[in-house]
């Protein structure tokens, strides 16, 4: 069961560094939160064969010193993947490496193609065989079947057929390529090492590697990196608008990352400030649901003057496999993750702030915990509008009907989660906080306006 | 190399619950931060043999569903252990279970005996053999060699010979026992489940289990739990003073735990407030070294009016094994854990607050990171006095000479860590914040006044 | 380094049994000797999706109870693989499962295609992408690219393009297919369970499953199994001759298996008898190099009258990973596997019989061991002719120049292995023992007469 | 469920070799058959602390290169352990290392003390605590409690109190000690490396290490090895007789080992010859139950003239964990291990020879397999007398009532196992084959004459 919105991937690529795979490893670690089910790295010396290793689990579990040291070469690409259980996690793990008529290719992508079902059927008619349910495989087949002369023309032709969200890193063992869809839905950042160039999903990876930020890859742009530096090719025509995923600001990205022209922290804090401006609840204390709620809550506090407190403590060991003891001690659910601080809450009117309510079950449990500590009132505030639609652009979301806000009124939700009051951020407030209008962002999960039309099968694919 | 002060253990015991070992498992998970190198649980039905499992690693790694389900019975005790590498971690893992003349005994302890070297030599002269370097083994030998009639008399006789810090849980497979040293150095809490009674090192474990808080076990008290409830025995005479480890408030315990008569959060926040009162630095922003620095920094901010910001982001995956890439990307050290948010820091006068400076290397790296983000000034504040002495009461500390504050002046430390200014909390400020005087707390690591005299060998033992 | 001739694979398929994957598991265990580097099983219910699991190591290591129980369905196919180190063992592991225009297909094969390099280049020109260096992938691409109407016509068209040795099992999730090359190079056996039908590489698997032997699949024959039983289709035209791998009789197959019209044991024993008839050495004792040498040695002893003794003991734990201690105790090599019995050998004239000499290093060590035990004379006899050529039909062999018999005279080999005398079986003796002439068998590794011409690249493929 | 007689242990010790632990590792591998549940090695430099590693599983599973390389030092002792499931395998794993009044001691033993229950109770009265159910712990406590002046006097005093079977290796980190009980029940061999001396349970380990055989340690003898060589001390008075375990010859030891003055192979073959002399069955073929049955069957064949054939093939992968598929394919039991060769058996009168019948279930299955192959007659012959009593001297045996020969007549057994005829070797035949009389051997499991009286509890201990 999908219990929230989960980013599906993070990608990284390094060209021209004697420790290419080490740097990719650091990147994957830095944005581990973008995908925790599998990780993979492929590396090579220019013009030579790929070595690769992929496995289930966290980056730090998949790679050990020995495996990392075997990934030699000055070129490397890597991938973190989130994936719901039950699927062939390892088969689908990326990077995806092939040999074909032009030689070798290894590819990793973050996003989701909305016409891949259609493309796949078409490719199958041409004799293509599929081993995975992965968009990367579709892309590689498209490249291999394409008859254009130069590789750049091939890419132009292929990507003009593809629809959806994608930030892709790729290598043919000679060059490294980075490509972003024409609406710039998912982030992709170019950075510079002392030795070599890098492409990463989130800028926090640059900090960990000690790389400097160069710029974001533009929507529709292809970056080609080789020994002479990087070249920019405007591969695809871009419309006037963009469709940056606004949920990256709200929840997915780390606060210390920079993307879509802003620091995530700053947007997230402004979301909290705006939420406060739209609100006038009297309260003794405002507390975040940590960690994602901390920054908006700080904004809320600074704007409203309601004192900020760490009323909920997040267990440091969350995320590791945990055996839920059976029988009598069931249903403690969220307690494994969060525990309230009684002295902060007891006898107080409490505002609690989170980034979103997905199914409502977590919020309900959090509010119960807070009440059990003796809160006088519990007011839930969400630093984003209600999530009413699923995402088809590379985010794992519950189905429409599982989203509590899809088919319940504000008051029904409030009743379900047992809050005294419940308030979401307005749509305008969200856009204003993110410093852009609706024409700059995708906000489909909040309003159903999907910037890229999708075929009916797209949600069937993984 | 020990890079800080580390609590050595956490203990838990459950009596009279059909899922005793499950509850102990939850406890160990709740205070995983007290010991991360090994974990163990022993369980039994009243009057029957122990089943036990111990292993290296985190609680969630040591136990899986199968292993936990094999630990049947209504009685269970458990243990988390911190231990520096190189020692026989598994051999030393607790609980320690034996058979001896009186029957069976299983014991887990948190603390350190300062005369165990002496006791051990004496026991060896009587023919005792030792398989570990563990105080538990010494205690069990003392119990087994003791000739008193009743078990209570045995315990009275044994514990009157033992000196040091100890919070012990124990079972003879009939009853569960909890015992705390006469100065109450380490915490031990009694709680009540719907079914059965529990003893735990930290009260946050009660919350996770859904147990209610009964009271702290008193210094020198023996709690005996059986089918009829619990009985309190004043086993050892207690002096007028106590010596609660003040470092538990400052760093070890979770903020949501209650101990020594206060919520850890409240004390920690007061430490920050007092620090602010002793300070008058002008600054644009005050940021914590997360997570332990968050609460005192909030206090500091509220008292001083300097705005609180989350200027450093703590990676969620810290604590998992991580391969430090070799060669060129060395020395990034603290970056794996923390990353600054440029937009908060750039061009600002920054106060950064941590709970302690041990060797100084971490603080130095943090300050460098902050400066690299463009801070105008960096002022380091510590929400405790300088740590100048090692601990011999169950905490793994660097040696005296490794403690930077032991043999450097404030200004030397400031220079080393490259701060513009450096200020510690005063001793008086610390005691005031903890709501007690020097007669209530151990503060030896801050002032060298060791409340229990130790023999010369005690620091040689693990 | 390849130290001998190794069969590359074993395959198994079950149709119509409620425990299909369990039966495939047993088969893989029964002919584990055919491939020890990886194992895999894919299963399904008729018309439904495949579940599959593949892994590195022995069958018993790759599968545990949980994994096996997840492989549900009444159809299953499986594969054991031998593979030299350094290659992408897991990627190449079979069965190989795909989705394509016609639906689903899962395939496992034993053998080697000699024109796969050529076919692969051709497929790549049509846009095919390759993830492995595996013939199965080539076959599946050929099937997917083929435009014939019925699946049987597709197979006919595909297999008429393919050259080499292959015994293939396959399922489209509706039916199970078994196919053998027109020369019948590798074995493939049809058996019958109480419930359902099976195809296996070696008949010993039938015994373990409790299946009865039906017959060998014929050269060029396609067996199609569905709910109504099995149908035989003469898919490919067959020449008058066959080319059964005679090395299967000599070494690869288990003695208790039946193939190519004979029990392996009977042929192997006759090889020994014939060897004796061609020899007249006087000796006190004849000893086998166990286990493969035991049966021919028994034949030799019975024919010659020289007493058979177990002069060399084979360690039961051979085959498990073993750390060769370094430094001073190096070079004990074969001792890990074999140890002589001094009382059998001391003071005796010893004949020692093995199935083949590949590089000569092992024989040299064995003879040294025997001499160190005090043998008066050591006469080496080989129950096959000299191996002078590599195999390109699904057997991992050293290169031509590594084969000692390729470029050394009998006397040079004798000198190298330090035998008093050395004698091989004659070519006529080999064919006579196997009850067929040169027209029935492949014997290319003994005489260089390759029954299927191969292109220059074939030995470059894995 | 114990399905046969299993040796409980093998021990090894090396003194004065720079690769001491490597040599011990090789020894444990050589006699892996003596104990397959756990393995351990402790090593040290003279006068320094022990490093040790112990684990569950086969030697090759417990140790990898890294672990072995950490076991530094010129002194090492090691241990293989057989143990029935359900017991605390790892806790009980040896070597057992302690610190005590005299310093350090590490000990490993093969055998069983029959008065350990009594000794343990006595030690407990003196205050000893027990962590295991292991005789080693009893021995170490006895040593630690003993008040004699010199270590040799301590050992003399301790071993004169101990009753049972034991072959012990031990080190105090200065010297290595080897000790054998006064009746010489279990084997212990002294060997010489190019550099240093070794003690091993079976001489086959000397061959693998490249050590030369010096002599067997004598009953009641203590061997003390230090830098000057070895010293022999007649520690205990020995009676006129010995009680070498005759089952070592019949089954436990490897045929290539030398012990109790003979090569195991020679005795085992003579058992077969004598069996033939006591028999006059007409048959077409005599086949062994491999591997233990091979040598006696060869003897039988040579004496009787009935042709020897390998009618049953032993799977090479026996011994590895194997999942018994559930439901319909149950009960194939022995097939996993053995498979008949039809062409040898069909239409023949078959004699099948094994070393023993324990419960009868295995023999029954073997005979069924042989009959299913079309044997005309099946005659079971056992190269030893009926096993009617359990062993208390270090062998894991079923209880008395589980031994089919304990309470069934020859004819009842024959009927149960469905043989046409059944014949055991006579007691006289057994002693004659082993070249000694009843006064030289323990044969208690065949006749109930236990050479060392045991207390009632001895079979309760593990």
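Note that the chains take the letters A, B, C and D in the order they are written out, and that residue 1 is the start of every chain.
The rule is simple: contacts are C-beta pairs under 8 Å (C-beta built on N, C-alpha and C of every residue); 3 or more make two chains touch, one makes a residue touch a chain.
Computed from a prediction, not measured in an experiment: that's the story for all the values here.
Trainee: Minimal path length between subunit B and subunit C through chains that touch?
Mentor: Contact-graph shortest path, subunit B to subunit C, evaluates to 2.
Trainee: If we define chain centres by averaging CA atoms, which chain lands farthest from subunit A? Would you check?
Mentor: Result for max centroid distance from subunit A is chain D.
Trainee: On a C-alpha centroid basis, what's the spacing between subunit B and subunit D, in Å?
Mentor: That pair's centroid distance is 48 Å.
Trainee: Distance from the CA centroid of subunit A to that of subunit D, rounded to the nearest Å?
Mentor: So the centroids are 60 Å from each other.
Trainee: Could you work out how far the Cα centre of subunit A sits from that of subunit B, in whole Å?
Mentor: That pair's centroid distance is 36 Å.
Trainee: Could you list which residues of subunit A touch at least two other chains?
Mentor: Residues: none.
Trainee: Which word fits how the chains touch one another: line, ring, star, complete or other?
Mentor: The chain contacts form a single closed ring, each chain touching exactly two others.
Trainee: Once bound in the complex, which stretches of subunit A touch subunit B?
Mentor: Going through subunit A, the ones touching subunit B are 17-19, 22-23, 25-26, 29-30, 32-33, 58-61, 63-65, 68, 194-195, 204, 207-210, 254-256, 258, 263, 265-266, 291, 294-295, 298, 302, 307-310, 313, 315-323, 325-329, 332, 335-336, 339-344.
Trainee: Quick check on the complex: what are the subunit B residues that touch subunit D?
Mentor: 52, 88, 96-101, 124-131, 140-141, 144-146
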